[in-house]
Every structure is written in C-alpha cells, then in structure tokens.
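Dropping the structures in below, format is structure tokens.
The same chain A turns up in both complexes below, where it pairs with chain B and then with chain C.
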Partner chain A sequence: MSRAEALQAPAAPDAAAGPGRPNPLWTFGLLRSELVTTVRRWRTLALLGVLAAVPVLVGIAVKIETRGGSTAGPSGGDGPAFIAQITNNGLFLVFTALAATLPFFLPMAVGVIAGDAIAGEAGAGTLRYLLVAPAGRTRLLLTKYTTVMAFCVLATLVVAVSALIVGALLFPLGDLTTISGTRISFAEGLGRALLIALVVAASLVGIAALGLFVSTLTNSGIAAMATTVGLLITVQILDQIPQLHALQPYFFSHYWLSFADLMRDPVYWDDLVRNLGLQALYAAVFGSAAWARFTTKDISA
Partner chain B sequence: MDEPSATEQDSGDAPAHVIATRGLTKRYRGGQLAVDGLDLTVPAGSVFGFLGPNGSGKTTTIRMLMGLIEPTSGTARVLGRPMPRATRAVLPQVGALIEGPALYGFLSGRDNLLRYDAADPTADPRTRRARVAAALDRVGLTAAAGKKARAYSLGMKQRLGLAAALLQPRRLLVLDEPTNGLDPQGMREIRALIRELASDGTTVFLSSHLLDEIEQVCTHAAVMAQGRLITQGAVADLAAGARGRLVVTTPDAGEAARVLKEQGVGDVTVDGDRVTGEPPAQDLAEVNAALVTAGVRVRGFTLERASLEDAFVALTGEGFDVAG
Partner chain C sequence: MAPYESDEATGAGQDEDLHSGRRKAARYVVPVAVVGVAAATIGLVPALADSGSPDLPKISAQQLIEKIAKSDVQQLSGTVKVSTDLGLPDLGGLESSLASGAAQGGDGSSADPTSKLTELVSGTHTLRVATDGPDRQKLSLLESGAEYSLIHDGKNVWGYDSKSNEVFHGTAADSGKKHRAEPPATPKGFADEALKSVDDTTSVTVDGTAQVAGRDAYKLLIKPKQSGTTVGAISIAVDAKTGMPLKFTLTPKSGGAAVLDAGFTQVSFAKPAGSTFDFTPPKGAKVTEEKKDESRAPEHAPKSGEDFAQGLEGANVLGKGWTSIATFDTGAKGGLPSGSEGGAFGGFLGSLGDHVSGKFGKGTVFSTRLVNALITDDGKVYAGAVTKDTLVKAANEGK
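Then we have the complex of A and B:
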C-alpha cells in the first residue's frame, strides 16, 4: 500500500522527493536528538557533576577557614581577588567558582565533548548510519557545533548556579562592592553574574571549535579528546612563557580572565572585546577547517 | 546503458537500473586497490546477490554507493542519480546495513531507531514512533525494544540494524552480510523478510560470502574477486554457466570409471558405488548406452545441477579463499 505509493512517486518531477513533502522544520529533529543524546551520556553527566562540585568545595573550604572569625583569602594574588569577599557576600562565590574553573575544568569538559563529537561517532560506527540516514555532512557538523556551543553555556551555568546556591546557603547575600570600590545593588550584582557567565561561556567557543576540528581528523574519540585537552594544557603553559609574548595575544586562553572586568565600575571593555573577537576568530577558522575536512573525508570506520 | 536512457533517468523516470556503476575504482590511501574498474548493473525489482570472498571489495563498493567514500575514479549511479553528489535526494529512499550494525550502547533499541530516524530530514516526526514500532516488530525485537543496546546479543544488534534500514518504505535496500551472527531461525526470518520486501517491489542488494544464502534468495548475482567483477547476471544463468556433474551409481564402479573415461568424461572420481565426472560434449544417452554395452549394471544415471559454488570455483579457478 504505502510502499506501492512510494514506488509510484518517481513519476513526480523530482524522483527523489519521496512520498509526501518534507517540512523544512523537520531538519531540526537531529539537533533535538543530538542535545538529548549528549546529555544522556554518563560522561556528560560526570563532567557536569565535577563542575557542580567545584563551587561546593570552594564554598566549604572558605567557610571552614573563616570559622574562627578571621577574614578569608590569601591576599596579594594578582588574579581576581573575589575569594576574599565571599564571607561578606555569597554572590562572590559565583565569580570565584567561574575564575577557578575557567582555566582548566570548564575548557577540559568542553574539549572532551567537542573532541568526542565526530570522532566518537566514527569510532562507534554510528557516523556511517547517520550519514546514510542521510543526515547530510554539513547539517550534521552544524548540529554538532551547535550542541557543543550549547554545552559551553550549560557547563558554565552549572558552575554558576551551583555556586549561587552554595553561596546563598553558606554566606549572607546583599549589596556588593565592585573591584573599583563602588556599591551596586544585589539585583544588579545578579545581572552582572549572569553576564559574566555568558562571557565565560563565550570564552570557551575557541577551544570548542578547535576540539571539533580535531574530532574530524581521527576515528578515535579518546584520541580526539586527549589531543584537545593536551592542546589546552600546552597553550596554558605557553601563555606563561615570557619569551612568547608576541604570540600570546593569539592564544585562545589569553584573555580568559578578562571577565573580571565586568565587575569594574564603569566596566573596562577593551580586554573583554579582544577576548570575544579572538573566540569568534577561532570559531570561524576552525569551524571552516572542520567543515572542509568533514565534507571531503572518507568515512571508512 | 546508452546515452538516451541516461538522460531519461535524469528526467526522473524510474530507472531500469537501480544501481549502475562504470569503471568504479577505489584505491585506499595505503595504496590498496580495493575495487578495480567495477561495472555493476542492478536491475530494478531484483534481489541482487553480491558475492565474493573476504577482502574482495564488497563493503568498499557499498561505501562508495552510499556516498561514504569518494571513488578514486569511475562513476556510480543509484536510483538513476549520481553518487555521492545526490546523497540527500537518494538516500532517504535507501535503507542500508553496512559492515554490521552500529548502535549507541547507552540508548535503548527504540531510542537508537528514534535517533537514526531523526537524522533523516525527510522523515515525518509525527509518524516517527509508529514507524519505529513497526520496524521493531518487523524484525521481532518488540519485546527487547526497551533494553539498552549495549546488552543486546550479536543477532539482536543485527536485527536492530535491519530495523533501522526499514524505518521508511524504501526503493532500495543495501544489506552487507545481513545474516551475520544470526541463529538459523533468524537467518530464515531474514530471508523471508527479504523475499517479502522484494515482492513489494523493493530492490534488494545483498552482499554475502555465503553461496547458498545467495542461491536461496537472489534472482541476480555478481561475483567479485580481488576487487574485480568476475561475472554478473541472473542466478539461473550463472549456475548454468558452470556445467553440472554426471553421477553414475553402480556396483561395478571400476569398470564404469574406465568406460566413462573412454567416452570423454573428465575428472572421473570413484567414491564407493558413486562414479562422478564432468559431462562430455557428446549426447549423454550415448554415454549411458556405452555403459550398458560394456555390461556395467547402472542403478542411477543423473546430471547434478551445478550450484553457485561450482560456478564460483569454475569462474575464479580457485577456492573461496582470501587473496593476500
């Protein structure tokens, strides 16, 4: 019956249109499936679990250290000195937790998800079935790209929300003092926290694009993840070597901590803009490289 | 196929040949020539057996047909459209099982199918669940649909892979060794399923190295060896191409063998009271008469039909072994 119709269908002008006319919106079914599938992997859940645990550990550590009534914090570090303010205002735990996870935990989690995106499917053989479905190579890559970006946002929000909850439970909340010394209301502080979370998520775009490109190069998910995380560590180390200072502005991690400038009053935009521009550059360059590679690659796994 | 029919195909008429390749060649990056100048023609409505020993290039050919790998040279047309250029238009009408099933172990069987169906932008999400349920039912997996695919047995995975190929009505099914890992009952079910699909008009392209499997279900076949096509055509013709064997049953085996050799029967072998050999060019009635004249008591005198295996051995001149 329906099969017979399918056989008749070729009489239509386009032999390939198949039975019925597909709705353009159906193309997003793959994105939905990809998002759900990613979140259902135990690996994703484990990474998010680790990220959620960091603020808890930091919060408890600060609480214990200040139980005697002394003010917390190793002063004199040149990083954002948010940690000293946590005891006054739990909201600072959000900034502290993001500052603590941005150099390694967050990009590592993104590197794992991005590295596994294509290579993991290739290694498992599911890639060939997605492609003969046919998912379409460009469409599949865009779907993976979008999903990795969504994971950047999700991972950052997990840290921020966990920190906000722990901060509210362990410490007082209220008006806060910016780095510049001015007072802002708690509501405005929350707004800045959200803005900072989004900037942190955007800071991860570079490593996400890099990981996705690496992922198109191999058929082993583990190899792609390890390479991406290895690149992350290498770049972090190179960023510390003074002799390389001419190159450092091009390292994806170079302006990461600029998010703290959002806590100045007025906000100091220069490094923030440089950071976002650099991330956009990485996204464009490695996104194109991933596309060029993936659309011409022999899928033989 | 000549030029006019090729343009006809482009205009969208149902192509006479569901798969047509010309000079299709694949050399892997390592230098391995896996497929060498393949001219394959699969007629519409056929159950086409694609036969060859391990490493003869069957899977490589299928990967090129499905647009997964780029041919080194030559062209491939599937459903009248060039591959891999027309994958988006062609593949929704093609169900494929390539080199065994591949599944998401952490998803249930049903969720695996839902995901593969979602990957097809022409698949209607409103009917998705119903189509998935129907496909599961078709391969006998309904009871295990909720189980994680990681916990599936090899045969269950194979069935789920088949189900993925059956999510939509297809014009072409490409099945790479579909009965691999199935129990005898499962094999029978798959063969029945293939016949049923074929009777509905679906063309089935079936690769296998099991000769009797091809013989049982296929109407047409092609034989590959070391990347080259050795022959293709209707199964009946292929088997006829290899001459059958003459079998004489007699208590006087020694005498019978002598007479048969005299009559020009080649490769005479004696096994108890069975004497077999390659039938000679002359009329078999005269061979029989000669036996009787020589006083050989003949209990049986038959010509055993050649099997595809005989055809294969005759064609390749060798056994069914992997080339180095």
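Then we have the complex of A and C:
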C-alpha cells in the first residue's frame, strides 16, 4: 500500500517540473547515487580498510605462532572458531576472520552506516532537498535501507576476500576436513565459504534495520551512530549473562555464530534457520517502525 | 487517500490536521502488529506442533518392553538433545578446568573420548548419531563453532576434536567394550539401562501416546515402588513402528525439572551416507594413539547418568532394586579423595557437603538432585540414587 501511495503522490499536477511519473529506472538512479555517495565517503573506506586488516593480522599472527611447528592457539582450543585449522588449510582463515569480525567489527561498521543514513542527511541539511525531488519518503527510506544492506554484503565480502588472499599466500590450500571430520573438495569448500559470507551478511540485516530506525528518530548523525553501536554493545553484554537465558533467543546477535554450522556435514540447519528468521523479524519490526516514523515526522532540516 | 508523502507545502485545514494526526498514529500500528503476529507465532506453533497424543492401538506394558527388546534398528541417523540437571553447584570455569585437568592427567589429548564425554554430565548438549549396522557408528557432540566426533568404522575408532584439531585413534578390537556398539548417550542406551532394573520393585505402565521427533510413540512409565530412593519416575517414549526408544526422561522424587532428558529432535531410519563414516586425520592434526598396555581405570570412564542403574564397577552393592547403594573403600584417610588436586581442593569439596555422624563414625554427604554420596572419615564411600537418611542407615548397618 505504501508503495502505491508513493507512486501516486507525485502524480499530482504540481509535479510537472519533474518526470510526470517516476519510472523504475529513476529509482535505480536514486539507488545508484546513494550507493556511490556511501562508498565514496572516506569514513566508509576507512571502515572497509579496518575490516580488511583483521584477516591480515590474524593470518600473520597464526603464521608467526606456528613457525616452530606448534599448533595455533592454546591446546584447550580457545580463541575464535576454526583457528586451529588455519595452518592446514588457508581457506579456514576465511571462517576464522568472519568469526572474529562478526561479533563486533562488522556490526559496528553497519551501525555507523545505518545510523548515518537519515540522521546524517538531516544533520547536513540535505534531507529536505532529497525530498523535494519527487521520490516520496517511503521510496527514499527503501533506497536507504537497500544501500545499508548492500554495505552489509560489501563489508562481509571485503573480510572474506581479504582472508582468502592472505590465507592463500601464507598457508597451503586443498581439500579440507569439515568440523564433523568428513572431507570435502576445495571447490565445495569455496562454495561453503561463499554461502557463509552470505549468511554473515544476512545476519547483519537486523542491526541495519535497528540502526535505520534510530536514524529516523534524531537529526544528529553522530547521536544515531552512537546509539546504534551502544545498543550493539549492550545486547552483546546481555547475551553473556546466564540469568537472562529466557530473553537471549530474541537478541539479534544470539545466533550470529551459527554460520559455523554450515561447516558441519551434514549441515545443521536449526540455528541457521532461527538466525535468519530472527533477522527477518527485526527487519520487519524496525523497518516498519522506521517507515511509520519517517513518513510522519516533520522535516525541518 | 490524500497525498501526504510530499505535501508539506500544501496548506491543510484544521480538520485535515486532525485526520492526518490520527492517520500518523495509525502507521505505528504496523510495527506493533508485526510484533504481535510474531509473538503469537512463537507462542502457538510449538503448541500446535505437539498436537496431543496420536491414536495408536492399545498395548500392554509387557508387550511394549518386548517390542523394545525385539527392536532391531540397524540404520539410523538423527539429532539428540541431552539435558542433564543434577543440581550440582555451578562451578563454571572451575568445573571445566577440572575436567580438562583430568584429561591432561590421562594422556593429554583433548580428542580422548573418555574425557570428552564427561562433558555430557551437565548442561544441555546437542548430539548427532548415525548408525549403519554393527560396524559403523558415528556420534558427534555439537559445540559452538566446533564439533567432537567419535567415529567407529570397522576396526578403527577415531575421535576428532575440531576445536583443537586433535585426533584420537583406537582399534575396535581392544576397545570394543568401551566404545560400545550403541553410543551410551542416546535414548536407547539410557532405556536399556533403565529396563535392566525392572523387577518386582518396579511398576511399569503404558502412559498413553506422544509425538516425538514427528513420529508416533508409546510412553512407558517406570516407577520405583520402594521408598527411600530419589528417583521419581522414568518415562520412555517408544517409537510405535520400530520399537526404538526415542525419548528418555528421568524425574527426581523431589519434583522440578528432569534430571536427565535425552530425546531425538529429528530422526530418520534411512541408511546414512557412506561418507559419514569415512575419516582420515586432517593434515597437521595431532594424532594420539590409544595406549594398549595402559589399564584405563574405570574412574576415567564417563560417569554419565547410566551409573544410577548399574552402580560402580568393582564396588559392593548393598540392598537391591532402586535403593541399592554402591560402597567401596578409597583407602584414603581423611575422608576426602586426596588425589592430584591436593589438600586445598579437598577442603573446598568438604565445604560443599553436609557433615553427618552416626554409628559408622563421621562423614560428609554430597547431594545432587539424584545421586547422594556419603564419604566417611575413614575413607569409605557409599553412593546411590537414595535419600540421605537411607545412606546413613546403610552406613550404620554396614558397620
């Protein structure tokens, strides 16, 4: 219904200056300009640079630690998941890097971009100009959310590709052993790595929607970013408190590390499905809340 | 509907303002409705899922027990959820460091099955089992981001801990007894142990039907007739078609949550993929061979919930049925096992128990929700799924 209204709204006679009825190509134009603006920002590039550096650090650290032939990590097996297998197969660096960045680095980057989406425009005084164009608020919001989700995929792929390059340079590649002890070919391993990257990107959809909602509440981009990242930290801490176990299945971060279940053979789907369902729920709740807020608020800046 | 998306410049009348205000508020109904629908789904779907008891032909308890005995499931794969709540004090990190300490004391491999399966004693765990005939079994313990697999393929028994990338290798010939054909943590393993104890001290009834892992099942209820035991009841859900136990629940007499609850959440009687049982140690993994000459003392064996029925090996058993008490002499003066952990640890243990005295002298009782143990100051141990008073009485009579 909202889409239909957005289409009808500019059809009013006063929209004569713009195209009579915005066609889908126009929407793509808006999305493209949003994407280009987001990716070209120094802030975005710095975030992606930090993300790309994590696998490099992990890879070099493991390489140095295992130079004498010792195994990686303490013998008890602490540290990020999969870290013990990196020396045998560089592909495991992809999984380790994602496991290391998913709890904090990745969602923080997404929180910054999502928090900035609306509030940043409002703070810079450019939001009203965006709305002067016959785009409609719903469409602008959808474009912003699509941009944030594209950033989720981009950020995850930056981590994965950087890890794959570092892993290939420092460690041998080849057939790999799943954590269930069965063997799969390198090609299938790569396929699973891509699937894991997509699942990790999808895991960030929830916090992206949350960040977008926060962003519609305020006119200060910094406030929205800080709130989103603060919420992330709070939820991550609450997820560690055993007394709150009844609530924890509803925290957006609770099933994040379930992507490791894709490395089991056969794949254990239960937690993966729960994770994706939870992210979809967060996207629906906070996406519609953001829509309700953004389409009704007074735009003064 | 009036255009309100980009109509800020349009002058609106008073009435329209009122209307749009109401309409603005109405938009917040959407997220609230989404939350409502989600909450209703979360609340209702599990309720609908175990949609009561399926209609199955009547069966007597005796027939059901025979059905279990006759059950000959050769091929199976499934997921088992095991929850144990012995009511042990939550020692957190200490507990795991003790467990790993015990493992290090063994042979230092975290892939050693005996140390790994000890983890099942507390908390909730998800296991995967796959069986293809008597020669090929696999039991996997699912951990966060890691997995421990115990694979029996013909002559070889492999343990693989993906977290530390360590491998344990044994041969089935000399370890056949320990790595039993059927993994002990499945509902079938528990049910077999429980049915061993069925005698005249026990009442066995069929308690309706249930749905377990999407299959129709009979419920077998086992209740001790004797007083003095801490076991309240044992409920076993038996698959109506194959006679395979699908769920095992042990509730204590004191009420509350089940002490042991092991059940399939998903089960299939199709032949598992052959590659499931293939294992070659990954490159660079540390492989520990089972030591042949080592007399693996039973105290290293997993003391899982099955102990309640069979008692400790090499121990004398007092009484019979559900109130049987295992007793053995540690030979250690001072009451508490003064093992490698040292005196400080012994003192710590002592503070956890209740001090009792009687004709037998003085001792300390350690209580869990199921098993109570009395360690006397002259080094004798009495343990069983019985109440504290029964334990003290037995110790007095034993003197």
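In this text, the second predicted complex is superposed on the first by the 271 of 301 C-alpha atoms of A that agree within 3 Å, B and C clash if a C-alpha of one lies under 4 Å from a C-alpha of the other, contacts with A are read in each partner's own complex, and residues count from 1 in each chain.
FYI, a residue touches a chain if its C-beta (ideal position, glycine included) is under 8 Å from a C-beta of that chain, and two chains touch if they have at least 3 such contacts.
If you're wondering where the values come from, they're calculated on a predicted model, not measured in any experiment.
Novice: So in the superposed three-chain picture, is A:27 touching just chain B, just chain C, both, or none of them (first/second/both/neither)?
Specialist: first
Novice: Report for A:296: first if it touches chain B alone, second if chain C alone, otherwise both or neither.
Specialist: In the superposed model, A:296 contacts both chain B and chain C.
Novice: Is A:179 touching anything from chain B or chain C once the two structures are fitted on A? First, second, both or neither.
Specialist: Only chain C; A:179 stays clear of chain B.
Novice: Just to be sure I read the superposition right, which of the two partners does A:131 touch: chain B = first, chain C = second, or both, or neither?
Specialist: Both partners, chain B and chain C.
Novice: On the A-aligned overlay, A:40 touches which partner chain: chain B = first, chain C = second, or both, or neither?
Specialist: After superposing on A, A:40 lies in contact with chain B but is clear of chain C.
Novice: Could you tell me if A:257 is touching chain B, chain C, both of them or neither one (first, second, both, neither)?
Specialist: Second partner only.
Novice: Based on the superposed arrangement, let me know which partner A:209 touches: chain B (first), chain C (second), both, or neither?
Specialist: neither
Novice: Quick check on my understanding: which residues of chain A belong to both its chain B contact set and its chain C contact set?
Specialist: 5-6, 10, 12, 131, 134, 136, 296, 298-299
Novice: Quick check on the complex: what are the chain B residues that touch chain A?
Specialist: Residues 12-14, 28-29, 63, 66-70, 79-81, 86-94, 96, 98-100, 102-107, 114-125, 161, 164, 168-171, 200-202.
Novice: With touch defined as at the start, can you tell me which chain A residues reach chain B in the complex?
Specialist: 2-7, 10-20, 22-23, 26-27, 29-30, 32-33, 37, 40-42, 124-126, 128-136, 139-140, 296, 298-300
Novice: Quick one: which bits of chain C touch chain A in the complex? Just the residue numbers, please.
Specialist: Touch list, chain C to chain A: 1, 3-8, 24, 27-28, 30-31, 34-35, 38, 79, 100, 110, 126, 128, 140, 142, 144-147, 149, 151, 158, 160-165, 265, 273, 275-276, 278-280, 282-286.
Novice: Can you name the residues of chain A that touch chain C in the complex?
Specialist: 5-6, 8-10, 12, 71, 73, 75-77, 80-82, 84-85, 87-89, 99, 131, 134, 136-138, 172, 174, 176-177, 179-183, 257, 260, 264-266, 268, 270, 281, 284-286, 288-289, 291-292, 295-296, 298-299
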